[in-house]
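One chain, chain A, appears in both complexes that follow, with chain B as partner in the first and chain C in the second.
Up next, the complex of A and B:
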């Protein structure tokens, strides 16, 4: 066995083991951390495939951002941390999972099905791990990928579409946050009005000053304010 | 033959002899290479630990001078043995674990933070040819590995089962994830101008010959350099951005419960990260090891020392920022300015092309590299000035609004008091 094969087996065990623990651990925070380990192992696979860019992207995106979000969601919902697993749809989930696993096993496994002249599945089993299955990336991998992404003949359109999708998500997030903020501002305004009433010492509010001053007001009060401070 | 050449030769011979010895024992092949690399990695880690000791001493002395104190002066002459005394103290301290702590997470966190801090050094070039691995995505790797320490801090904050720790961890995420954005945006101009993400290539572009023009990027894109330094300080959680361990608010943040060697590992992680940021600043914007007469590693040492002194200077002089100030400074000032800057640099880089061949092929005005650098410099300064103007105007308006609000309330109270008196 070569060093690469040993590393492949070790990393596979780490990835599979931690992925198994993600779904079996009762402590959700631990589950999130095992997920981080699993992601890290996947980054290791990319390194083995000589795809350093993907490895770094995996660490940056999945460990640096997505796991952090997971951990945060877990931390902020404290009650679920040690809750019993009680998913009423586990049978359906198990069925779908088993079906997808079988599908993948058929496609990647020793079988091959020929339907109307199209061959589905892989006849070359078992894989030669250092040869066929693990194909090293081309030497100028990042350059090839970059030019492929911006060239209209290759992946330019999907790349742009993905960009548009992200933009839509961002605008949507801002819109949702704005909506909330508007409501909060109304609430705050109501509270301020109550504060003002309190300040008048139980007198009815007679002259309410405008809460938001106009720019002209700023200019006219400018000199006075500067003098006071 | 100068002294430096002698040192160079001795180091080279020692390295070759060691590699030869290992190869003769294990036979040429993967295993021998693996062992040699492992030893090299261990040497870099040991150097980091030594640098950590030196940095703690230097920082304590320099910050003491800034604050009109003497600093450590008991252990050895001028207190130079202070780091060793600190180390002995750390080793002999009791290693405590809180009773209700999440044991595994709590004990793993210091290790994880130290590992992520040391991983950065795998791609840093110390001298021509002296680099762990010259990855073609070096910059990207450094940023990716830097984001890993967030997980470690979250582990420490959660595992300690202490509310101050958890508050520190929450602040960390907001700060580290937020300041990653301007950091990335300001590495981008360097990558665009040098046309490579490899740290070695970026240094070559800033030296004369080998396709470089000898102009360090700090003179080409000074605004990017400034924002990179600011966000780098925030990423390492040093003062004035030390909200994760603000002593006066949340005791010590995420490492309240840690003592002894585990605390020392956090301390090491902090300093090694700060050193990595200094080295990255040197490599990206100051030409790394490049420089005349003196050998490369001396130049690197001098430049890194200069950058780190700035970090210490800031730590000794600036007060801590508030959480809301920290966030609005990032999202309302640094990020918009960085985006404008990046877009401007993109346009200028395409219109005024330094390489005549590229100008012929892709269009654009062919100019000498120096002229292009000057145009970029001017655009950077203009963006910075406009940004500062806008911020100062906004701050003035905010002050006036607050003052008016106070005036209004005072008038209200006065009128109310007068009414009471009249009654």
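Up next, the complex of A and C:
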């Protein structure tokens, strides 16, 4: 067994183990921290694949930015975090996940199983490369990729669109998550009240009680905020 | 650094990561955890793209460019998704995806 194989096995155990803890742990804050461990292991995979630039980008973007966003979101919603692990359909979800994994493992690896005379899977998998078939690591792929991303003949337009997507996502996130104050808040509260009245007339059986409660709580909270100012 | 590691090792690990993420998306009871699991799935896709790039076409840049775009989309998705959850939490005091059904017919 070569050093690379041992490294691969260690990294994949770290990635899969922490990913499993992300989906099963009860404490959401711990889940966010295990997510960081999992991202770090994926960065290790990129190093093994000779893509050092992507390992650095993984650490910067995923661990540095996205995980921090998750930790902030977890802390902002701390008082409603439930102790429950899964919802009512977790058994069906586990079955779907396990079944899909078995299917992909048979399809992707050089294994095959025989069920009632029919062979499933490909024992001579076309991409099973080893030894001489391994291609040399590319040199300066970051420069090639950079010039390809900004060249209009290759990926210039998608690159610009990705920039627009990031801008729209940033503006949209601020717009969605902003807190209404003063007259805007009153207007929004009035609109919600009208909506609730409509709903009551259309569907009198609907459970609107909790909604009304939260609206009142929200209004009083806003009023308190205005008084503070 | 890929001596001795067949390509299908990467593919199977990323398939396992994808399926763990899928299980989390379907089964978690908290919307923030659901978005975490979506990030796990996007990571699995990225491992696949970069592994295929390294083993099959190391001279071309298409696999790398796709991986870079997935980074961008993942960042945008996390920002918008978490903003939506914060907004929903502020209005309903809940982040349970099963309880957020006011748009149901």
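Rule of thumb we're sticking to: the second predicted complex is superposed on the first by the 115 of 229 C-alpha atoms of A that agree within 3 Å, B and C clash if a C-alpha of one lies under 4 Å from a C-alpha of the other, contacts with A are read in each partner's own complex, and residues count from 1 in each chain.
FYI, a contact is a pair of C-beta atoms (placed from the backbone, for glycine too) under 8 Å apart; a residue touches a chain by one contact, two chains touch by 3 or more.
Not measured: the values here are computed from a predicted model.
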item	value
Chain B versus chain C as contact partner of A:92, first or second or both or neither	second
First, second, both or neither for A:172, with chain B first and chain C second	second
A:57 touches, of chain B and chain C: first, second, both or neither?	both
Which superposed partner A:75 touches (first chain B, second chain C, both, neither)	first
Superposition-derived comparison: chain B or chain C, residues of chain A touched	C
Contacts of A:36 with chain B and chain C, given as first, second, both or neither	first
Residues of chain A contacting chain B in one complex and chain C in the other	2, 57, 65, 72, 217-218
Touching residues (chain side chain A, partner chain C) in the complex	1-2, 4-5, 8, 12, 15-16, 19-20, 22-23, 28, 31-32, 35, 38-39, 42, 45-51, 54, 57, 61-62, 65-66, 69-70, 72-74, 76-77, 80-82, 84-90, 92-94, 96-98, 100-101, 104-105, 108-110, 125, 127-130, 134-138, 141, 144-145, 148-149, 154-155, 158, 162, 165-166, 168-170, 172-174, 176-177, 179, 210-211, 214, 217-218
Chain A-touching residues of chain C, taken from the complex the two chains share	1-13, 15-24, 26-30, 32-33, 35-37, 39-40, 43, 46-47, 50-51, 53-56, 58-59, 61, 64-65, 67-69, 71-80, 82-87, 89-98, 102
Sites on chain A touched by chain B in the complex	2-3, 27, 29-30, 33, 36, 52-53, 56-57, 59-60, 63-65, 67-68, 71-72, 75, 142, 196, 199-201, 203, 209, 213, 217-218, 221-222, 225, 228-229
Chain B residues within the chain A interface of the complex	30-31, 34, 102, 104-105, 135-137, 140-141, 143-145, 147-148, 150-151, 154-155, 158, 166, 173, 177, 180, 197, 397, 399-401, 403-404, 407-409, 412-413, 416, 419-420
